[in-house]
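Shared between the two complexes below is chain A, which pairs with chain B and chain C, respectively.
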Partner chain A sequence: MTANVYQLTAKEKRFIGWHFIVAVAALSIGSLFGPFQAMEHAGWDFYEKFLNPIFHSYYEGLTLHGVLNALIWTTFFITGFMTFLMIYGLKRPLRYPKLNALGFWMMVVGLVIASIPILLNEASVLYTFYPPMKAHWAFYVGVTLVVVGSWIEGYGFYLTYYKWRKENPKTRTPIIAFMALVTMVMWQIATLGAAAELLVDLIPWSLGLRQGLDPQLDRTYFWWTGHPLVYFWLLPAYISWYAFLPRQAGGKLFSDSLARFSFWLFLLLSVPVGFHHQYVDPGVPEGWKMVHSLLTYSVFFPSMITAFTVVASLENAGRARGGKGLLGWIAKLPWNDPSVLAQLLAGILYFFGGIGGLINASYNINLVVHNTSWVPGHFHLTVSTAVTLTFMGILYWMVPYLTGKELWCKKCAVIQVWLWFIGMTIFSNAMHVVGLLGAPRRTPLGQAPYIPEEWAGHLLRVGIGGFILLISVYLFIAIMIGSLVTKKKLSEELEPPVADSLLDPQTTPRWLDHWAPWLIGATILLIIAYGPQLIYQIGTAQFTSPGFRVW
Partner chain B sequence: MANKHESMHIDPYEKTWIIVSILMLIVFFGAVTVAGLSFGVRVPDPVQRVNPNDLAASGTFAEPGLKEVAPKRYEAYIVAQTWSFNPREIQVPAGSIVKFYVTSKDVQHGFKLQNTNVNMQIVPGQVSSLAVKFDKPGEYDFICTEYCGIGHAAMYGKVIVVP
Partner chain C sequence: MANKKLPDTGNDQHEHPKGTAVVMAIFMLIIIILWGTVYLIMLSRGVSFYG
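For the complex of A and B:
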């Protein structure tokens, strides 16, 4: 794969780079508030002492943390990364670069429009925006523009792929472009729920064009999107683990066919699982909760395939580097490379995140953990570590690749990654434990009157973990800024570390490169899993809830 | 290139892993199903629709509180509102079975009865219901577990189980 490499133009690199700049800027503000929440739990309330009146409350901070980190950092990083995967994977420029630019700028405009009401404390409704809490209309409009902008970037990818397919009718789609496309298609199916909620309900309602809403129906719309959102975050991390990490570690992708097969399963199974966030909702029948529980178990399966293939690829790398014995290959992996280290540690914590996820999916076991701090404890292992730490690891090679300059302070990057791992281990474990004891999520526990004495030690650990994470995230941002302004040029242009497969991808079965059966399958599964309940909930909806501003 | 043998190339270890993964998921799903159907660890099921703006008209929530339906069997009607539960406190003798019916007057709330399996999302327009048996005397807090506004952290109530 040397002669046939398409080198990205400076303009393309800049376009991708702007995605990352917005993403990291969002992270730098959003991440400020997470540790403030954590430290509040430990009894150190910065909101009262320092942040007032610029940031008005714990909940304004929590809204910023959720929106900027979970929605903005992720979406901008992912669309930027996908742009790279499409161009470099298909070895051709985007078909309509202006269309993609339009999508990007729409996302930026949406971000600005949504940020204003949040910063003015007019939208402290958290990123789940459960009605009948009512935010300023600009918040809903801004979020909508971000989503629609990401769709438009997706249309740009589809048109590019279509053109490539015409020119290369017999070739297997290069795996990185294939995986980016599956992720984008899944995202576009997944966001239909939030689109319905925003366009039909929240925006007209916040503008005064609709009197009341049915909050149960809006929960169903939201969670149509809310869980596959998790896979929109995770799949780009999986792409890096499948298609980059093996090469970075010095090996090859273990199984091209199973890697593709797992992505098709994600397309099929990521969306029809939303009721597992609604196990304790009053308006969804038990039987349908059971159906979604079974489907959620099914979507665990492609993650199990991923775990095997990724670890097998790493073993392949470790042995290629001279590792011997049953586990000797582990020590031979390049643990001193910050990009590899970030992904390895992300994978280790994701093992525990996966187990926790299976517990959350387990129907009646959800009674123990629903809306307790166990849940944020869980998703800080998944989106905030498996995903975020992997994205940081990607940026550790991607930024030098895009700028042609050295990564500033590689040692700092290694320290940053370890601090994240240590801080998150302390924070997340304490959140899980105190959640099992009954602590609610989304609650300034420092003020709650019902906190028993025995929680104090765990809440202290929450605060300590949060503090370590604060140091880690700002070290990361310093490295990013340092790498942008450094004058040290790379001696030769960096080649993106795309892994070869152990076997020629052309020997991967043809049915793994056909879209129609999988798209039809995904649609049928959605109709089965959601159709009857959507018809029933819309048919019996009572639009009796006016809006409330309760913060 | 094109005439090379196409196949999934599944490694023997990987095949074992796949089979074990599927079996594991089947066993887990079986376990939660048995817990739900045989041991009665149930999740809420739709009960009734109400108008959150006019709860008195629904009948059952006109006067929230505890109703004895048989010896040691109670129904508790509780209204969640920003930022308190009505009633805040109920008292039952040990060994009682209490079925909770909870609804909201305004925004969404949560109802988690500590150290029991009662944990419900409270959604305006709907009634959430689960039952629990109180064997041991003591105090059981029920706390709001969904963000419901600036006073959310202070929103809780209590079941006092007397000997």
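For the complex of A and C:
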């Protein structure tokens, strides 16, 4: 260890570890239902045979899968990871650790409150809420507490950073702390939409304090949050790809400046794009859909900066390991390291997820694929692979770092990662293809009487892929448990693999470390992209829709 | 995974990432092919500018 590396205290490690324990616990339950849905598509209906009456319906399982995996696994992992990034990056403890603890426990309480109505089949509205479907009020209150808890943890980060900045006015913000802060700021801007939907509409409505609501307005509120939610999941994965993976692979970050620039662009461009999820909504004018469509395409720019910089960093690593020729460095990367392997394979599948994203953003194609299984096929390449497989890879070094124990069964971890890659490739490809053939999403296709013969082979592949993913995720959970209970201690403390930059970060231009212009820019862009439509939609809203229970 | 003591790593030479350029070119090509394919699938089903 070098002298300037901050050593996290045992208490700080435990606090971060609790985030991961809740995250993995949520994943262990939520992931049970995803493969069951996939296998249902193939005609193997475990819901009816084994899960009933504990779990009452396909939609209860789908809600559990979405809420626990997409909201809980991610949010708890990310806030725990950010806590590490802030403390280790700024080389100082949190300024107000009790504030962060308050945020964490608020999220836990929210999780419990939201879970009860879901498990009682009183909130099978899926993780996107979909009003006018109406859940029990406790579901909305619980989700709100999870979001507010994550905000409070964010306030703790800001106060820690403020203190650091006062003491280090001319130093570039360490990149891992910088990226964590940008991600948290983006999240707090993004969740204003969901906050409005939950606090103004859904909670009062579910408590009987309001008679009706306007589904169009609530969809607009939701997708203000819904798309940047994807970037809340992705940016921590990008942090690992930019700031850890190069070191793990034996190289250096290709460009500190490019990495920071891409994060500022994500802050600017992630949020004002929600109408591309509402192309089929008749209440949103075509012109505004086009504005959001163009802004969605603009996110391709920082995405390509990320792809270029990460691959260039890996090329630097591969060449340092003796790689020759144009592509010979690829084989020299440490593919046998499960943490590196997970991130490399996540990145490979994410290339295809990115292409699917461009297709989704294309108005005329979106109209055709929007309500088909193409869409879950797409987001299983993004959140379920680029994000989840990367998070698994992070835990493969983070858990030994936090516990001081060896990773249990490293070979099992390599197998687990390959199984995820293979299972997801089969599953996602089949979902895309059968979606193009017209198969609807959010539908128990095993019960549908209208399945044409040409779908059958693809639905079988959906089931096979889901089954392989089921094995993979429980192998991952076994490795996590094994790593916690193993008695094999590390001989010395691990050093987190934070990558150096090829150029000294102090040479990064000063404008890439200034918050004000980027925050002002993000605000102006949001006002332009959403202001007129929100004023119009609120002004003409018809709060007349009753609640529906369709499950 | 994290090494116990991380060695000094990487190539400090600021070389042009030629391999990366090739990878990105391949990626762009795949984008064009797959994006175009989906358009063609839609058009082959009779979807046209006239609805």
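Convention: the second predicted complex is superposed on the first by the 550 of 551 C-alpha atoms of A that agree within 3 Å, B and C clash if a C-alpha of one lies under 4 Å from a C-alpha of the other, contacts with A are read in each partner's own complex, and residues count from 1 in each chain.
Here is the rule we go by: a contact is a pair of C-beta atoms (placed from the backbone, for glycine too) under 8 Å apart; a residue touches a chain by one contact, two chains touch by 3 or more.
On a predicted model such as this, the values are computed, not experimentally measured, just so you know.
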Considering only touches as defined above, state whether A:Tyr396 meets chain B (first), chain C (second), both or neither. second
Give one of first, second, both or neither to describe whether A:Arg319 is in contact with chain B, with chain C, with both, or with none. second
When the two structures are overlaid on chain A, which partner does A:Pro338 contact: first (chain B), second (chain C), both, or neither? second
On the A-aligned overlay, A:Leu294 touches which partner chain: chain B = first, chain C = second, or both, or neither? first
Residue contacts on chain A - larger count, chain B or chain C: B
With the two structures laid over each other on chain A, which partner does A:Gly251 touch: chain B (first), chain C (second), both, or neither? second
Is A:Leu490 in contact with chain B, with chain C, with both, or with neither (first, second, both, neither)? second
Examine A:Pro285 and indicate which partner it touches, taking first as chain B and second as chain C; both and neither are also allowed. first
Looking at the overlay, what does A:Val550 touch: chain B (first), chain C (second), both, or neither? first
Let me test your reading of the model: by the given contact rule, A:Leu94 touches which partner, first (chain B), second (chain C), both or neither? neither
Set intersection of chain A contacts, chain C complex versus chain B complex: 254, 304, 308, 312, 358, 362, 364-365, 368, 503
For the complex, which residues does chain A have touching chain B? 57, 59, 62, 126, 130, 132-133, 170, 214-216, 219, 254-255, 257-258, 261, 278-286, 289-290, 293-294, 297-298, 300-301, 304-305, 308-309, 312, 358, 362-368, 370-372, 438, 440-445, 447-450, 503-504, 506-510, 540, 542, 544-546, 548, 550-551
Of all residues in chain C, which touch chain A in the complex? 1-6, 9-12, 14-15, 17-20, 22-24, 27, 30-31, 34-35, 38-39, 41-42, 47
Contact set on chain B toward chain A in their complex: 1-2, 4-11, 13-14, 17-18, 21-22, 25, 28-29, 32-33, 35-36, 41-47, 49, 51-53, 82, 106-108, 110, 112, 114-115, 117-129, 141, 143-150, 152-154, 156
Can you tell me which positions in chain A touch chain C when the two form their complex? 1, 246-248, 250-252, 254, 304, 307-308, 311-312, 315-320, 325-327, 329-330, 337-340, 351-352, 355, 358-359, 362, 364-365, 368-369, 396-397, 400-401, 407, 410, 436, 490-497, 499-500, 502-503
